[in-house]
């Protein structure tokens, strides 16, 4: 199969699908072909499509998010077409966003952990909203009395926020090195950023090549 | 709800009677309306503390505990005076601040210096951690988001003949299924099945199929294929008898020695039956 | 507004909308612009987009339908992506296999006969599936009230199971001996579902080879 036809099929498939399509899924489109394209051919064709979308007269772009490839409206054009929709995009409360941030950066995390950092109770409503949006999920329970649920973010969350993996989350603001400034404070506790890095290293497995 | 200042004082943190309020008066007199707005905007005691510290352009690392505690307590008192719903966490923080303040006042024995933490350390750590995630929440909010900054796109597909899903079935599966169903029902005993050879059953289906294809009306002899030989003819004949017995077909003959017609039983054969003129 | 940007906005709007967009609707996108494009400009831009889609590496085309403009997958590419909606073949239920077995061994047979033997109702879905697969056909009707259809197997059925005629179906006696001959097949009915699962797991992926 030549790249021209490969590009046409990929473009058609990705726009026609109602979800992002993974490379595996795309490859399976060609299962019955006499000469199915190899994975690198598909990736090359995807890149060619993405490059073609960069032309200024194009209004959409090919984007890789956590669960695969999708076409989406270019950000530069978004304001111009936002009036297509009557409803204003939903605004999320700070409480919800802070809870979401803690789950995203510190996953897996219990509600108690979140409350400890935020200093206030996390309302059930927020957890419910995040679950209903399929942004977070329960991935286990901590084996302590009460067996609190451990929350983690989902692929839907990454897709929604245009991310390929947790690696792409904005890095946490570095904490001031207390020891250097105030050695007398004696804050030898482990530093949060390091722990974050280690944790996130595990989850960020879908790096683009 | 007003969004509280993100970094410094430049942003108004409240609008009171149409006027932006960029900082509460330093004497801590705050119009009750404004206070309510402010409080609603705080996400908790850490958020309020952070605000009090930032408002004075101070670093978290250098909290003037006495001053901050005094301000914090004043806020709390005002909230209570206004009978605003006050989360218990605010009171806990007030107590914690008071404790830190009192510990700061105590002289620290020199020899214990290594072990004794600065009483502010835990508070600083929590404030820093909270600030970190407060920022992270803003960062996440700023990420390009579906249905706000971008939209997934979609194209229609022309009507497609859906490929038929061919589920593989093994003959063994079929046999197993049959065995299972027979085990549940003794309607069929194996000797019955063996007596009725399948070829007769098959031919019964074939006869009915031929009838259907010919509009429910076919000449008797057409159902026989001499090339099948004696056995074939016998099988066809048996199947026709079986079908007759089951009232699935009728035979019709207009007069003696006239051709015999086979018709599908009942409705299907009405037209053809009339054409023949009589029913056998 | 230059045509380049106009094209980008139109492409984004039409692909992002969930319905075809009329020219009126498209024009209203530019209401707030300082220099809104005139209707002929919009039409010209739409034509330019349509022309660009004609390139062989493009898989979608801009099409005007009754209610407006929309993008759709090119006919030439559609068959290649039809697999997107193809569900993985599910294994057939035991109810379906039993129904098929009864039709094979007792044809011609009515649904009522099958139900009598199986002791449960036969769903229309099963009959439909078997008909679609072209394994069974209606060969007549029994002359009793309701005139129930008489089902029989087809040539396709024989071909699929590699049989020259129904004679070649194993006799029920052989069936009885099946366990004795192949105890390792585990043909006891209780085990059937497991075995089928295992087999299906294999066959489901065989297609790719």
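Per-chain residue numbering starts at 1, and chain names A, B and C are given in the order in which the chains are listed.
Basically, a residue touches a chain if its C-beta (ideal position, glycine included) is under 8 Å from a C-beta of that chain, and two chains touch if they have at least 3 such contacts.
Quantities reported herein were computed from a predicted structural model and do not represent experimental measurements.
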| item | value |
| --- | --- |
| Two chains sharing the most contacts, counting C-beta pairs only | B-C |
| Per-chain CA centroid nearest to the all-protein CA mean | B |
| Farthest-lying chain, centroid of Cα atoms versus that of chain A | C |
| Centroid distance [mean C-alpha coordinates] between chain C and chain A, Å | 32 |
| Centre-to-centre distance between chain C and chain B (centres being mean Cα positions), rounded to whole Å | 22 |
| Residues within chain C bordering two or more other chains | 12, 15-16, 60, 71, 73, 78, 81, 83 |
| Multi-chain contact residues (two or more partners), chain B | 151-157 |
| Complex contact set, residues of chain A against chain C | 3-5, 7-13, 15-17, 21, 25, 28-29, 31-32, 48-49, 52, 56-60, 71, 73-74, 76-78, 80-81, 83-84 |
| Complex contact set, residues of chain B against chain A | 1, 3, 43-47, 59-61, 87, 89, 93, 113-114, 117-118, 120-121, 124-126, 128-157 |
| Interface residues, chain C side, partner chain B - complex | 12, 15-16, 18, 60, 70-73, 75, 78-79, 81-83, 85-87, 89-92, 94, 97-98, 100-102, 104-108, 116-119, 132-133, 137-143, 147, 150, 152-153, 160-162, 165-167, 169-173, 175-176, 178, 185, 187, 189, 192, 196, 199-200, 203 |
| Chain B residues within the chain C interface of the complex | 151-158, 160-185, 187-188, 190, 193-194, 197-199, 201-202, 204-205, 208-209, 211-212, 246-249, 264-268 |
